[in-house]
Every structure is written in C-alpha cells, then in structure tokens.
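Worksheet for the structure shown next.
Labels run A, B, C, D, E, F, G and H following the written order; every chain starts at residue 1.
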Amino acid sequence: LRKGFPEVIFGQGKTTAQIIAILEKLEQSENIVLVTRIDQEKANTVLSRFPNAQYFDDAHLLKIEKQPPAITGRGTILIVSAGTSDIPVAMEAYLTAKAMGNQVKTLFDVGVAGIHRLFAHQADLEKAAVIIVAAGMEGALPSVVGGLVKSPVIAVPTSVGYGTSFNGMTALLGMLNSCSSNIAVVNIDNGFGAGYMAATINHVGVEF
Amino acid sequence: LRKGFPEVIFGQGKTTAQIIAILEKLEQSENIVLVTRIDQEKANTVLSRFPNAQYFDDAHLLKIEKQPPAITGRGTILIVSAGTSDIPVAMEAYLTAKAMGNQVKTLFDVGVAGIHRLFAHQADLEKAAVIIVAAGMEGALPSVVGGLVKSPVIAVPTSVGYGTSFNGMTALLGMLNSCSSNIAVVNIDNGFGAGYMAATINHVGVEF
Amino acid sequence: LRKGFPEVIFGQGKTTAQIIAILEKLEQSENIVLVTRIDQEKANTVLSRFPNAQYFDDAHLLKIEKQPPAITGRGTILIVSAGTSDIPVAMEAYLTAKAMGNQVKTLFDVGVAGIHRLFAHQADLEKAAVIIVAAGMEGALPSVVGGLVKSPVIAVPTSVGYGTSFNGMTALLGMLNSCSSNIAVVNIDNGFGAGYMAATINHVGVEF
Amino acid sequence: LRKGFPEVIFGQGKTTAQIIAILEKLEQSENIVLVTRIDQEKANTVLSRFPNAQYFDDAHLLKIEKQPPAITGRGTILIVSAGTSDIPVAMEAYLTAKAMGNQVKTLFDVGVAGIHRLFAHQADLEKAAVIIVAAGMEGALPSVVGGLVKSPVIAVPTSVGYGTSFNGMTALLGMLNSCSSNIAVVNIDNGFGAGYMAATINHVGVEF
Amino acid sequence: LRKGFPEVIFGQGKTTAQIIAILEKLEQSENIVLVTRIDQEKANTVLSRFPNAQYFDDAHLLKIEKQPPAITGRGTILIVSAGTSDIPVAMEAYLTAKAMGNQVKTLFDVGVAGIHRLFAHQADLEKAAVIIVAAGMEGALPSVVGGLVKSPVIAVPTSVGYGTSFNGMTALLGMLNSCSSNIAVVNIDNGFGAGYMAATINHVGVEF
Amino acid sequence: LRKGFPEVIFGQGKTTAQIIAILEKLEQSENIVLVTRIDQEKANTVLSRFPNAQYFDDAHLLKIEKQPPAITGRGTILIVSAGTSDIPVAMEAYLTAKAMGNQVKTLFDVGVAGIHRLFAHQADLEKAAVIIVAAGMEGALPSVVGGLVKSPVIAVPTSVGYGTSFNGMTALLGMLNSCSSNIAVVNIDNGFGAGYMAATINHVGVEF
Amino acid sequence: LRKGFPEVIFGQGKTTAQIIAILEKLEQSENIVLVTRIDQEKANTVLSRFPNAQYFDDAHLLKIEKQPPAITGRGTILIVSAGTSDIPVAMEAYLTAKAMGNQVKTLFDVGVAGIHRLFAHQADLEKAAVIIVAAGMEGALPSVVGGLVKSPVIAVPTSVGYGTSFNGMTALLGMLNSCSSNIAVVNIDNGFGAGYMAATINHVGVEF
Amino acid sequence: LRKGFPEVIFGQGKTTAQIIAILEKLEQSENIVLVTRIDQEKANTVLSRFPNAQYFDDAHLLKIEKQPPAITGRGTILIVSAGTSDIPVAMEAYLTAKAMGNQVKTLFDVGVAGIHRLFAHQADLEKAAVIIVAAGMEGALPSVVGGLVKSPVIAVPTSVGYGTSFNGMTALLGMLNSCSSNIAVVNIDNGFGAGYMAATINHVGVEF
C-alpha cells in the first residue's frame, strides 16, 4: 500500500487492456484500488472482468474495494461546489477522499450569484476540518468560503464556462489571487488531487 | 458641450504645454473640463495657469468647474470598491460621474474576504440606480454585488495585486465570466470609463 | 419570478432529462422560461414534452411563454450586428431582451468595411435607449456606433473569425480598448448577458 | 485577534502614514502584528514610531510582537527552498508560520540540480507535519519533495529566473502539474500565503 | 546605396560612439542616411560631429541629407493617424517614405470615435496611391479607411493605450483581423517599416 | 463590380443554401465570383446548381468566371511557398490574384532548410513586381526572400506545424519581426487576403 | 543519402498517395527511409505496396530498411522517459537514433514522483554518451537527470497532461528553465528531432 | 572541480558581498571561476578584492583564471550571431566554452536579411564540430545555418527587438519550430547555457 493510502491508476490515455493488466497485479495486495478518468465504455469491460468493481459515472471513476476503509482522518472533509456542471469534479474529490479513510460530506450548487444559499450552511462550513471548493467560470466561491472559516480550503478550478473562461484558466487565476489566505490550489479539473491533498491534510500527525 | 456632457482630456502621454493649450481653448465654452491621468507635478503647473482649477490627488484628476453641474441623472450612482488600493480607480469614477450631473455615493473597503461588511449596506445597494464595482486581485466583488441587486453593475478591474494577478487581467477575466448576469465590464483601471458609462445609463430617456 | 424577470436555464452541458426536470418545476410558477444554448435535437425532445414551447434555431434558444410580457422597459433596445455569422449571438440577445419586457429592434449586417450601410440608419441609432452591438473579427463596430450616439452601448464580441481572431479574444480586446467611452463589454458570444444587461439598463428607476 | 491568528497588514502600495495609522489601531488589542512587503526605508520610519517593532530585511517583513506566541500547532512546519534567491520568499513563509504559533524549521539551497543535498535531509523531511517548498526557474523541487513524504506540501513559486521563467509563471505551472499528488499551490512569491496555509493545516482540529 | 534607397541605422541599443562610427563610413558614399530610434541626448552629440545633420524630435529620427531625394515614387503616400499619441510613429513613417523619394501627405487625429473628421477628407483618401494608418488602443481606423478606398493600406499598430491594450498587441490583432481586405500589417510602433513598405509599393515597376 | 474587382463570398460558416442564394444574386451582374473556404461536399451541391462553376480542391475555392479577366495589373505577382502543406494557402492567394486581373506565377517547396533551392530562382524573384510568401513552422522564408529583392513582399503565415507552432502564431510573429524591411503581414492562413493585397499593390496608379 | 543520414518523410498532413509516391523515388537510392507521424490505417496501405517495410505502432513510424545501418556513432544514446504516456515520443526518438547508426538503450517509467526508480540506474546514466529525456506534465525529469551526469541531455517535452499542462507548454517551459546547464530542448512531442539531434551529437568528429 | 569543468556563479540577484564570499571559498580549490550576469559596478568592487580577476564588459562576465585551461574538447566550437545587439549573449557563450577547454571561433553580424554575408563563411561553418547561433527578432538564422551543416547547432534566442518580439519569445518559438533537425534550444539570452551545452557536446567520449 503506497504511503498507507489506496493505489490509484490514472485511466486517461490508457487502453482497457492496460488498465486490466495493472488491476490484476494490484488487486491481490490492495484493499482499495481506484481508476480515475475512465469512461463508461471502458469501465464496462473492466467490470465484466472484475465483477466486484463499482463504476461511478458522475465522477468517471471505477473502484475495487474489498472492505470499506477504516476512518483514520481526524475530522470531516466538506466538498462544496458552485454549479451543476462542477459536480463531476466534486464527486471525483469525494470518492478519492472517502477511499483514503475520511468522513466526507457534500454541499453542492451554492454559487456566489445567490450567496444566501451558501450562508444557510454556515454551521457545516465551520465544523469541517478541511474544505474542498470546486468552481468554474469566475471561480469566486473559494474566496467567499475561505472568508467564512478558519480551516484550510483546497480550491479546484473546473473547466466549466465558455469564451474567456479559457477552459478553467480564469477560475484558476481567480483562486490563486484570492484575498482569503487559507487557500491553496490544484490543477484545473483535478478533483482527484484535491481529494488526495485534503485527505493528506486530514491525516497530519495521524499514524496509519 | 460634447453630447451634453463635460469635455474630458486624457492627460497620460501629453505634455503640460499640450494640456494647457487644450484647456485654453475649452475653458471659454465649457462649464466643466476634466483632465484625467495627470500627476501632481504637471497638475501644479496647470494650477498656476488656471487658479480656478482643482486637483484631486487620489484620483489623479484635475477639474475646472465654473458652476456645479445640474443633477440631471435619474437616480443615485453607487461606487463600491474592494480594497484600499482600488480607491484611486474608484475616485476617478466618482469624479467623472459627478461632473456628468449625477448624485454619487461611495462604499469602500468591502472586499469578499470579509463579506459581512458588504451585507451591512444591503439597503444602499438596493436603492442605487446604477452600481460601479472596482476590484483587483481575483475580482470577485462584482459577482457578489450583482447577485444582491436588480440594477445594472459596471465592473472595473484594477491592476492591484502581484504575480498571477497579471496587472488586472485576472480580475478582468473573473468579471467577464461572472455568474451574475447584470454585469458589463470596462478596461483595467478605467475608472473614467466606468463613471462615464454609469452616467450614460443613469440618463437613459433623459433630455439634457 | 427572480427579480421580476423571466427564469433562464443555461442549457449547455445539461442533459435533456435535466432540462425537462427543471422546466417541470418552473413551468407552473413562471410566465416565461428561457433555455439558452440548447441544440435542435435536445430541443425536439423538450418540445414533445412541452408542446407550448417554441424553439428559435438561429439563437439556439427555447422559450415557454404563457403570455407576452408586458412592455415595462423605458425605451427601445436596438440590436446591431456586423456580419451574417454574428446573427446567432445577436438573436440570443434579441430574444432575451424581448422576454424581459422591452421593445426591441434589429439592424444586422452593417460592419465597418462598408460603413455607409450603418450611416443610413443614423436616426434609429439616435432614437434607441440602449444599443447592443455584436461583432467578431476585429470588433470595431461598437467604437463606431458609440461615437454616433449618446446612449449606453453594450458590446458583445463573437467568436467569428479565424487565425488570430482567437475565437473572439481579438474582438473582446478591441471593445475593451474602444476610444468611445459609452461602452461596456460582456463575455465572448454572451448574447444572453448582453440582452439581460440592456434590459436591466432599460429598467433603471422602473418599478416592475 | 482575527480568527485566533495574528493580524497582518499587506504593506505593498500603502504609504508609511497609512501603515502607521493601522498599526496604531491594532497595536493595543493585538499580541502580534505583521506588515508584509515593506521595504527598509518605510520600515525605518515605522521603527522610529514603534521602537518595539522588528524589521526582517531578508523577508521584507516588519513585526510587532509583545510576547512570543504560544506553540499551538500540532507538528513541525519545514520550509524548503531551492536557491539563494528564493530565500526572501521562504523567510516570509517562515516568519508568518512562526507568528501563527508553530514550530518551524528551514532547509535552504537544496535545488534539484544537486539532488543529493536534499536526500541528506530525508529524516527531517519525513518528520515534518507540513512542508512548504519555495522554488523558481523550473519549479521542480516540490515534485521531488512530495514524492519523498506522506505529509501535505504547499508549493510556492518564486519569480526567480529570466527569459521564459516569465517572473515565476513557469515555476507555477510546473507545480500545478506535479506528478506528486500531495501538493497544492499558492500565488507567485506568496510566502505569506504559504506560511498562513501551512499554519492553518497544522491547526486542523486544534482549539486555539 | 542599398537597393537604391537611403541607408538606415537602427539607433536603439547602439551607443553614440557606434552610431557616429557607422555614420562616418556611410556619410561619404550616401546622399541620405537615417538614424531611427535615437533620443535627443544622443542626437545632440551626433549633431555636434555632423553639423549638417537634422534631428526630428517628434519622430526620434536623425537625418543626414546632402540633397533632397528625387521624387521617383509613382503617386502620393498618405499617412493617417488616430490620436495625438500616435504621431511619433506616424512621423517616423513620414520621414522614411519622404527620404525614399516619395510625395508624402499627412492626415492626423481622425480616430474612429469621431468618424466625421475622417470623412471630411474622403477626396485625399481616394487620391492617395498608398495609405499608411497608425492607430493604438482598439486599432479600428485601418478597417474604416480600407473600406473607403481601393488602394493598399499599410496598418501600423502603436503601443498607445493602457490595461488590455497590451502595448499595442490589441491594435495589432484588430488590424490582422480587419474585415477590409486591402490591408497588411507591420510590427507594433514600426513606423519605419510602414514607411519603407509603402515606398516599396509606390515604386513597383519603377526603375530607380 | 465591387471596386473594379471580382465579388468574393467568405464560405466558412455559411450553409450551402446561403451560398447559392448569394450566388444567384451576384451571378447576373458579375463577370467573376469567388467562394473561399468551401469544402468539396458543399461545392458539389453548388456545382450542380451552377454547372459553369469550377471547384479548386487544393485551394478550397469555387469560382464562377464568365470570361477570363483582362490583365490590368502592372507586373507579375510571384507566389512562393515553403513546404507541401503550405500549398492550399498559396493556391488561395494564386486564384485570388489571378481573378483580380494579374499575371501570377508560383514557386513552391523552397523552404529555408534547403536554401539553395530558393537561390536557383533568383531571376524570377527579382523580376516579380510583388511577391507573396506563405510559410508555416518558424516562418523564416519571407525574411530570406525579402533580403534578396527590392519589391514588396506580402507574408502569409500558415497554421502548418505542431506543438509550439501554435497554429501559425509562431510563423506570424516571426514575419512581424523580420529583419527585412520590405515586408507586411496578413492573418494566419489568409491566402485570400494576401492575394487581394498583392493585386491592390500591383494596380497602384492603374485605372481599371 | 541526405548528409550521410537516412531519408525521413514527415507523414503528418500527407495523403497515402503522396507518401507512396515519395517512397517510390527514395526506395531505390536509399538504404533506410523513415516515415514519421503516420497512423496504422495509412501505414497498412503503404505496407501492402512495400512489403519490406515495417510499422512501429507505438512510435507511429514506418521504416524501410534494406540493411541494418552500420554503427558509426561514438557511444550509447540513452532514452529516458517519465511515464507510460510518454513512450510514443520516446520510441520515435529511439527508432530515429537507431536508424542513424547509433547504439541506443531505453529506460522508461522513471518519473520524479518516485525518484528511487531513476537512481537504481545511475550506472547506465553515467555510461551514456548522450541522453534524451522525454517527460510531460511538469517536465522535471531532465533537470534531475542533468544533475546526475556530465554528458549532454536533449530534453523533449510531451503533450501528456491536462488543464494547465497546456499540451506540453508547461513541460517545455520547465525544461528551458532547468537549473542543470547540460540541457537543450526541442519542440513539444518532437521525438524525431530529439533522436536526430542526439545522433548528430554522437557523430561529432566522426567521418561517415 | 564540478564535473571537470570550471565553477560558475550566477551573479544576477547576488550582492557584491555574496559574490566575494563565494569567490573566496572557490578561489583556492579551482583553476577557473566565472561570474555571469555581473555589471561593471559590482565587478569593480570584486576586481579590487581579486586583482587577478578579469572583467569582460561586453559579456557582463568576470573570470578568475590561474592558468589557461587545457584544450580537451574534440573540435572547434563556432559562435555565430545575427546582429550587433546579439553580441553580448554570443560573448557569454564564447567565454564559457573557452573556459571549459575548447577551441572557439566567432562569426558575428551575419543575419538572414543579407544572407550572402553568411555564405561567404561556408567553409568555417562546415569545419566546426559544434555551432552556437544567437539571434533575436524573428530568430531565423539557426534554421539557415542548420541547413548548411551536418554538425549539431545550439540555438540561443536573444531579447533583441521590440513590439511583438516579446523580449525574445518570438525568436525562441521560431527556433523550436525550425525546419532543420540538427537544432536544440536554450533559454532566452542564455549564452552561458549555450556555451556550456556546446562544451559538453564537444567532450562526448573524452576523458577529462
């Protein structure tokens, strides 16, 4: 088990045959294996070979899990997202953090244009140990969330938008220039990385 | 009087001699003339020639005003800004809108990292006919303001920030991709343009 | 009714099922609902579920309208466009402004290479309360129109062009740097935003 | 005390008078106040007004500290930097994290071109609760460090370099695309933000 | 005489000593030598060595001309510019074209925001054999001029503007995407190149 | 006849029906009509309606020509291209210049990596009145050609290349920064514009 | 034989017919001909015409080789790559260098996130005369390799990654800013160029 | 001696005190030490402490050399440059390669606009073991040189130019997209890196 965490295969650009071959090696020694960025069609072939696998189509993620992981993380990780189209990235973060032994909650569709929807959840925001915020377009949500809490916020820009959203670059730049200081950023659409980083933070000082 | 509005000289890149020459021509026929983007030193020379002129060092703007303009605009224009460093741009917008016959109010230092400061002014926001929002860094403030009101919002990105703020480009992109729909944008640091546009909006259907 | 205006669904990236589900919720309480950025195929499925809906293929927009909206806007909104390929964006603006209770007129195919075609319509330009100008390529038309009128101009860059048009970025930059001051800009291809902003401007000081 | 952490003034773009005025307000109620991005000259004036202040010229940071902060952070924060020119950013991170109640260690001049220097410190790397890595030029150091540890790594790109280093943009992009997953990134030269984020992480689940 | 045209020294980045040394070589064999991009101070030193030289401070250009060149160009070259700040670039083009044996006329300060000023000169525009148009900001003027004439237009973007004018990049992009087809473009602020190209065009088929 | 030149339809983004409709209007009054950027499939439909039309698949151009145009241009236009993949752009220039009443010659496949192939044609280069050079990748050919001749060179960058060729941007930038001065540039892949501009240049002072 | 090296056809953008035609000319006089960037389908047609040809699907390269080339290169060229997805580029380099008369070895899947895998091969790295390193994402591997050896390193960025990897631009920038000095860089995905350059280096001072 | 080559201090961003401190350590054990990117003023202070040092103002480089290095490199390294302003970068390469034990020759001022000047030196070009080419503006010279020789070419873009030369970015892009294959590229203005890489190449297979 690499670093005590589940093994993860980056599915994008791999053939189904390559993915199955890696899974065959890992399946014996690992309790949990994730395949990220795998589409429904490839997943179906993998599922027919590994009937114990599960496919999450909203997150484009496939999981083989022998036993649910022990909850070793310190507190709750909260996944916040701005709009409907940000949900796939948010779900990739959710499943990653979950597989890494954390309690994880979600709070979707609370974008800054209707900011009262966010404020209705102030208690959940304050209770979270770590918060992940996924947002596209102008990427303003992490700034607002960061201003409401003391905990660390992982901002993940999504490629949602058009024109000058430049496939997530505008959201990324906004997040890097946030006027809230408890924010760090991962690559565009990198839900996996956000989940992984949050899990790492939630395990600081934990032996596992 | 150009279009019923005051005459405006773009001071940047003009010599003091050129500015004085233009002022000498305009001063006779105009009630108000503005010189934008003029520094203290050049302004001093102009002031010694036109003792009736006034220099506003926060806005880098010089004004010759024979009589206060009649208030012809329909409602109040509200100028909102995020941080201390955005004030010069906000003040350029303020003086421009004022000189064009509008009632103008300001609401400074209400950036999104401490969003409660903004919400304390909800009533003023709702009463305004037109709102100008100046912000640098991630430029998120116009989105939040736009979501709280029905009136048109003119967003003006400022070059405040460092690193990936790219001298205002990040703020500009954020504003163009706002998830609030009652927003349109002007050039970086273009307080004059924001004030002019707001004044134009505030005079729709007004004969003047 | 959000803010007294019709409800709008951003169709891009939503499945037909998602769109129908939202429409089912909104249809009861709303007089008008728009779905923007929806293609013919998805629209057909929606139309078979909502036979009272209408699809506008030039604007890629679907509308459910129980009753024509009351005309509450102050004056006429004029939609100007440069070339044939800009018409879809212009039509999205047209239908949005119309659904928001405004008198709307169009003036298409008056690009700057043959500027006399524009000048033939000087009277219409001067009469308009608000003007929307859609243009791609070098995006010069808003500057010229802005120089001819006193009213506010909303410039909407389109992704029309090739090579260094950079999918509308060149037009956007041109509009942001216009030497006319009564101009503000929205995102590339954002006809909806232009129409919405113009409607908001045309309702300044109106109770509705 | 803002959020239980010291108060911090962003010195860049503020006059000495403005800085002193803010300090006068804060000094009474706060145990520690930091002023970041303040040069030697301005600092001298502040020091003559607040003789109890301290200026750190390598970090361009001024501190007023009545009592050393209680160490409330869970583990040690390790600050790693690649080259001599990255030290100012690293020191800003160091002083920020320190003022926020953390045990902080440094490991400077261990860039990837002579990677054995880094490996000599493997034990320190593994013991750290949170690691900050500052690097300019190609910004490769966080990837290498991230691959050696289980703890979270905050990567801070510096503007060190020339030509295509694009003032830190190349380092930033490298860090965002790291093949190590326990990495998140802050703005170019944002030592303060890195220190703040690391302190926040080191306080997850801590009441303070 | 290179190609029958005057010899030209690119002054930028050369020391006064280097410029004088080159001039000493060229002065004997050449009728006309130009030094472009030379400032007043360097020019003064050159003038004290070559009292027959002339310095044009608006164009930052120094000329040694033994005899006025014979007018060998076919028609008139017209230099059009948008604003006051574009004049230095326009004047560099003017002096270059003039030194290359052409009849040259100027038409300054006819930017697109007040397009009637341009139209007052329709006859001059139509009579010109070649037209150079210098413009900054949105760079729209060449499109409009190109639409009014049959002759070739050389567009030269200037670095005039601020914010998203990106030191002339916006004007350049606008000109490259012009909807008029009789336009080709030179580098930003390259008045020399525009004048040279126009002179070359005006000599097509001429033996000289 | 627009400006004495053939009428040209920009085919890209127009439906076959739209193209046919425009052709029906123009065909009666015009001797020559060109449709640029039209693919084989659309062309076939147009050909079945206009059997007198001709399709040039290398140039993606369709032509209706009642009578060959009179040769009114002053000299020969020479079209030079660097590699095989640049030929479509070069042929678009060729057919455009030809239709506008010019003698046109071609010289293909003479890229700078094997520069002797170019030098073998020095005589043709020197005889040409105007030269068009199409090149992709590093776009160096126009500089070399420009250095060998006195005539004006129209450089047209092509989108040929991969990686950092950025779809022609690298070639464009190279051409704008040419150290030869008798060069001006048109948009990426704009063979039509190059041909049009060259034809315009070749008609300077010609009544037609 | 061009320069003593095999003849190479750039397959991208050429039709199968064009490729076969060129091969027919070259096949007679050449011992080895390579076609790069040719897909399986086109390759099949070529193979049916040239049964002695070989297709390498991992490198998208087709080879006609009458006799294995004599090994004329001085030492061994080592091809190093970071991840599975970089292998196609690495293999293009491998086959190119091999066909040019060099001993070539490979060392794949030794990315910087697990740097011990690389260090296990220190001896091979030190023995190599020239090293090619292919890497995508943050492109850090060449810096690390360069720091371990005295020999020249050719770095080839690959388009592997997503979001801000910008199709290889991030890897390219990282390599250009390497803090190791024995590195030079070729275009993104240019395995051919890397192999060619390495072969050229390995033949310095060799008569062949 | 690091790797058998002289020790090099990157002077940029270091204080004179820092440079002297490092020199004091290195001077005892090293035969040659270079300090790159050091200006005249700093150099003077260093010279007064190390009277045996030498300053090269054209290269902004300081050298302490106890004994001329043994010539261990295999052949001659030829440094080619395009224009006068490229000489500083070329000289940095020259002095670096020289200090690393190579025979080095120079060929300056042979830019592509007057390509015959280059051809006059064909013999020198063909005899060189390795060639460095420094060029700014459009950066076309390496392509032309690469096409004339079989040896490896190291291309170094310089920041010479204005407007769209973008401080060397245009030259860099041109070089990366060269249609000659025996070319690899280093960072903008990186004469040191070019010299170092060339020296490394010239020592392939040499024990030293």
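Note that contacts are C-beta pairs under 8 Å (C-beta built on N, C-alpha and C of every residue); 3 or more make two chains touch, one makes a residue touch a chain.
Remember, predicted model here, so these are calculated numbers, not experimental data.
Any chain touching subunit C that also touches subunit F appears here: E.
Set side by side, A-G and A-B show the greater C-beta contact count at A-B. With centres taken as mean Cα positions, subunit H sits 51 Å from subunit B.
Remark: subunit G and subunit H have CA centroids separated by 27 Å (rounded to whole angstrom). With centres set at the average Cα position, the gap from subunit C to subunit D is 47 Å. Residues of subunit C found to touch two or more other chains are 163-165, 169, 172, 176-177, 187. Inter-chain contacts occur between A-B, A-C, A-D, A-G, B-C, B-D, B-E, C-E, C-F, D-G, D-H, E-F, E-H, F-G, F-H, G-H. Looking at the complex, you find that subunit H touches subunit G at residues 3-4, 8, 74-75, 129-130, 150-152, 154, 172, 176-177, 181-187, 192-193, 196-197, 200-205.
Of all residues in subunit A, only 84-85, 160, 162-165 touch subunit C in the complex they form. Within the complex formed with subunit E, the residues of subunit B that make contact are 12-14, 18, 157, 159, 167-169, 172, 187-190. Against subunit G, in their complex, subunit D makes its touches with residues 82-83, 111-115, 137-140, 143-144, 146-148, 161, 163-166, 169-171, 173-180.
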